[in-house]
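The letters A, B, C and D name the chains in turn, as written, and every chain counts its residues from 1.
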Amino acid sequence: MRVGVLTGGGDCPGLNAVIRGIVRKGVQEYGYDFVGFRDGWRGPLDGDVTRLDIPAVRGILPRGGTILGSSRTNPFQHEGGITRIKENLAKQEVEALVVIGGEDTLGVAARLSDDYGVPCVGVPKTIDNDLSATDYTFGFDTAVGIATEAIDRLHTTAESHMRVLVVEVMGRHTGWIALHSGLAGGANVILIPEQRFDVDQVCAWVTSRFKASYAPIVVVAEGAVPKDGDMVLKDETLDSYGHVRLSGVGEWLAKEIERRTGKEARTTVLGHVQRGGTPSAFDRWLATRFGLHAVDCVRDGDFGTMVALRGTHIVRVPIAEATARLKTVDPALYEEVEVFFG
Amino acid sequence: MRVGVLTGGGDCPGLNAVIRGIVRKGVQEYGYDFVGFRDGWRGPLDGDVTRLDIPAVRGILPRGGTILGSSRTNPFQHEGGITRIKENLAKQEVEALVVIGGEDTLGVAARLSDDYGVPCVGVPKTIDNDLSATDYTFGFDTAVGIATEAIDRLHTTAESHMRVLVVEVMGRHTGWIALHSGLAGGANVILIPEQRFDVDQVCAWVTSRFKASYAPIVVVAEGAVPKDGDMVLKDETLDSYGHVRLSGVGEWLAKEIERRTGKEARTTVLGHVQRGGTPSAFDRWLATRFGLHAVDCVRDGDFGTMVALRGTHIVRVPIAEATARLKTVDPALYEEVEVFFG
Amino acid sequence: MRVGVLTGGGDCPGLNAVIRGIVRKGVQEYGYDFVGFRDGWRGPLDGDVTRLDIPAVRGILPRGGTILGSSRTNPFQHEGGITRIKENLAKQEVEALVVIGGEDTLGVAARLSDDYGVPCVGVPKTIDNDLSATDYTFGFDTAVGIATEAIDRLHTTAESHMRVLVVEVMGRHTGWIALHSGLAGGANVILIPEQRFDVDQVCAWVTSRFKASYAPIVVVAEGAVPKDGDMVLKDETLDSYGHVRLSGVGEWLAKEIERRTGKEARTTVLGHVQRGGTPSAFDRWLATRFGLHAVDCVRDGDFGTMVALRGTHIVRVPIAEATARLKTVDPALYEEVEVFFG
Amino acid sequence: MRVGVLTGGGDCPGLNAVIRGIVRKGVQEYGYDFVGFRDGWRGPLDGDVTRLDIPAVRGILPRGGTILGSSRTNPFQHEGGITRIKENLAKQEVEALVVIGGEDTLGVAARLSDDYGVPCVGVPKTIDNDLSATDYTFGFDTAVGIATEAIDRLHTTAESHMRVLVVEVMGRHTGWIALHSGLAGGANVILIPEQRFDVDQVCAWVTSRFKASYAPIVVVAEGAVPKDGDMVLKDETLDSYGHVRLSGVGEWLAKEIERRTGKEARTTVLGHVQRGGTPSAFDRWLATRFGLHAVDCVRDGDFGTMVALRGTHIVRVPIAEATARLKTVDPALYEEVEVFFG
């Protein structure tokens, strides 16, 4: 049996660990043959394949990125895209596809599997951890670790100087990275996309922090937006969710804090540093196990399903259902963390 | 209301995060007063207390160790120990105790709470992750991360030289650290206490690895023991579980591999490095949330219970039940990982 | 003999290591007594002192920041400032001062020592490594390490995606951090304040890089400025050196690259992360030895001098001379590194 | 012109950075052609070559190990070895050799260059930093960093428990790694091969440390040996330098401390972890510059010379002279550090 593998969407530490898990188990235990499709859905669309055997996955476990390349190509937006995919799979004699990706990439897999008879197994991938069907996605722990280490370093600067330090972390639509790294780093304010923030409240926390001890650290998710009255910036726009989007909310917030409190504020923008480099041990464990279980789904002919983490167990859920809803930060959890603000 | 806090047993990254979580929420939200007892159960036994207020917990989140000190003191082994504890709690006007510790420390809490009317709430602590009531214990992720980073570094040496590299990691009775770090580090052999290992099988994996690519890395838990026929070492003894204990199984195994395969073997013994230093972001998150929920148990008068992790939720379980059974590595999970051996 | 110690100017990993070295050797070997002045020159100006004995320096070696606090206070800008300092030193019975700081802080020490008879010994401190009298200053190695690790992580993202990644690092007037981290991180373009950059040349390197392999990484010092024709940004101003200052040259450059090449570009701004947190082993070694030798200068009555690194030796130089000239990146060294551009 | 490159001796982070520096500059600036010889001197002996062009050195900068492989082969110990080397160089049309290695590997280069007319340029490599001609060798800073991080982590365990922690680090003949990491890590005792240690003195420091604060950390170089009266171990032997060699001095010392002081002692043996993995930023900088300057030596026809670091400059020295003498720790430097003992 020949199985195809592809990775789609944004970069995420652990992608290579999934691929290695799939290939090692598939070849050694089930005698499968593998074909890697390049650059997400572009691969099966263009018939662009690469060798994927045991030597090809040697040494890739600790490496970030993906040896298969990635893209945001959506075959449903290509005239005759589905037909071309089916032809290319047939030409390569591929009988099943393991699709590793986020909402968009897996959404294609769900439709192909459910509506077009292309046997797909999904592996969830989002650095933002915002998929409701799984406790965690790989890459998230790595991103949180990098952001936490940065916040740790800022504490000594905060101790020595009287400056507000603003850290902008990833998270367009959800605040998981901000919440986890902010809590783990001992931030004094954490702002997430799920709840519009009030700049005056932020300034109140900042001011009270200066009184209690040393300088405050403010962690803000890139997708966090201020309340209406606070939108004084010119370059705001609406994003695809209808949210107000600020380009560089970290810089903007730092300037607002300076203006309103009279305290100097400095910004750190971690950017892509959070999604590159070697995965954490947790992410390697999770990604590897996702790979091992995904190939078991193939063996069981259990298509249209996705692997997911529940507690310490890997379970299977329908892809379509799994990608239907964004997992946002529960207000109760945010409130739990607020005890550390100010 | 005044609440006492103590930490018992071995060192574990995250202890301070728990203490901080308890105190921040207890003081700010419930208006509690706290007293820290020094050195585990020795504190209440001797009436040895320390200040535990908001300033006392400032800056301790990223620090390993415990600001309260620790010990393995068991008050049940002290004549009149329980009476002394009750007197000292009364003298300090302490109405509830939060007890952070492993099997032994929590075992005392369970008996005190269930049989002697001392209101205790438990927080589980074991770097070995071997408590059945909770998905994970804090400190474990940090230990796995440190061991994984060490294994990562050995790979380049393994690539350049023709030597077997043996890494001894923590784990007296269970192989969780060995299993997770061995998988995450891409080890070629992982040996755990739950399954006696066959030195000849280890040598076979070692030999096949040399043929397939470069030098093998063998991860061995400190409590792993060879099969009967392999016990050629003089200094073995039986431990309290009736297991054969080898002092320095890593060194012993390296010598056996050299003797049987003719290949040079070198050993790394990480030792206490694995349980010291700053906790990982995951462990800080888990430990902090354990602290926040433990103080909620106090508020609810829910004594004799212990906080535990289930998926992403913090739940409550009876201490007595939680500490009754060791969580060992499931043979099916070990088998899942064996695909990477050799 | 009683000796005063103060730290002035910006934050820098290693300050505490210097203080510890001074106190340990001074107390144990020479029987000195120490007084810490708070917040740089503000301390002696206001007579604000803190205990500085062996217990006070315990455990501070690995900690960033400074236990003495810091400021940019210049006593020469205070009416009667020098008289007040001399009075406060007399009141505290302080017979010598060890002054740890950069150009400004040490400049005060030089004048006090040379012109006003206040016996000062200097320890150089600048994260930017731009002091001509010493091979390296402590803090620099830590900053380079942090920036290099960030660049390392960006490589996997660069491999997987077709984006230009711009990293803005510290360096107002000199490009040492940019040059060292850019070289160590394998950057494809490095821009420093010493040489105005040509955006079209940057875009040519970026474009050629895309052809040769994967996406380019551009490291830019915060003080780097484009050539005249490239100054299209509105918020430029002249800094105190007469240079054109762009607020956020990283963001600006990313936008220019996007505009001119049509490639997406993303920015990382490390900011204060580079000067916080635990010092590297190299910086701890250097800072500790600076401290040990500074107290030897006091013992020898060698005032008006500063400790400096030459090769592996600690030497003494006149403070006034040492702070007279900025150590900029030698054009020949920059040229040496240019072989890796594009 | 065609140039050969080889790496010999033990593993060392930075080898790949040297190779990359040589090839990038040689190809791009001088138009040279390169041939890599495999596994040190075995390569030219057996005519075993590998491609060494720009694509071959892409991405190797941050990787430990050496893409050329290594060995301890000495052609002078092979019948007709030199003739075979000259024939193989002629066959490959190699007109110059860049030899990266330690004392032994470079010793061969010196003789080949000086006595047999084989044009060699040397690049010094020893993780132990024990070469007198250069301020530092690459790999050393990485090893010190790894050992320091391990010692850092032990401090929190030392704070919480009453145990002596012994850390065995690399250093057969010299104590540079022990001295630098011990100082940077804040160890309480540092033992080096250059000075026989007195176990009673060690125990006195250990005991006084327990009184002053928390548990002591003892750093011991693997080649450190006790004074005569202390040699109670059975498995000691003389090494090739006539020193008493203890297998596992760390374990031995821990047991002796336990026996003499009654305190529990635990050992960490870092082993090969210290010489694997990604090089530090400092080592990448140094190694890259060594590579750039080595190829300049080739261009200048400056054979029989070796590149070396003096301050911040790369200089050239005769190989033969450079490898003649071991750089041991100066007793005055050791005494400087002793202020931190106990």
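In the analysis below, contacts are C-beta pairs under 8 Å (C-beta built on N, C-alpha and C of every residue); 3 or more make two chains touch, one makes a residue touch a chain.
None of the values given here were measured: they were computed from a predicted structure.
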| item | value |
| --- | --- |
| Any chain in contact with chain A as well as chain B | none |
| Taking each chain's C-alpha mean as its centre, the one farthest from chain B | C |
| Inter-chain centre distance, chain B versus chain C - centres from mean C-alpha coordinates, in Å | 41 |
| Centroid spacing, where centroids are CA-atom means, of chain A and chain C in whole angstrom | 35 |
| Where chain D touches two or more other chains at once, by residue number | 152, 155 |
| Touch relationships between chains, expressed as pairs | A-B, A-C, B-D, C-D |
| Footprint of chain C on chain D - complex, ascending | 24-25, 28-29, 58-59, 61-62, 135-136, 141, 144-145, 147-148, 152, 155, 180-181, 183-186, 213, 278, 280-282, 284-285, 288-289, 292, 310-312, 336, 339-340 |
| Chain D to chain B touching residues, read off their complex | 10-11, 13, 63-66, 69-70, 146, 150, 152-161, 163, 165, 248, 251, 266-273, 275-277 |
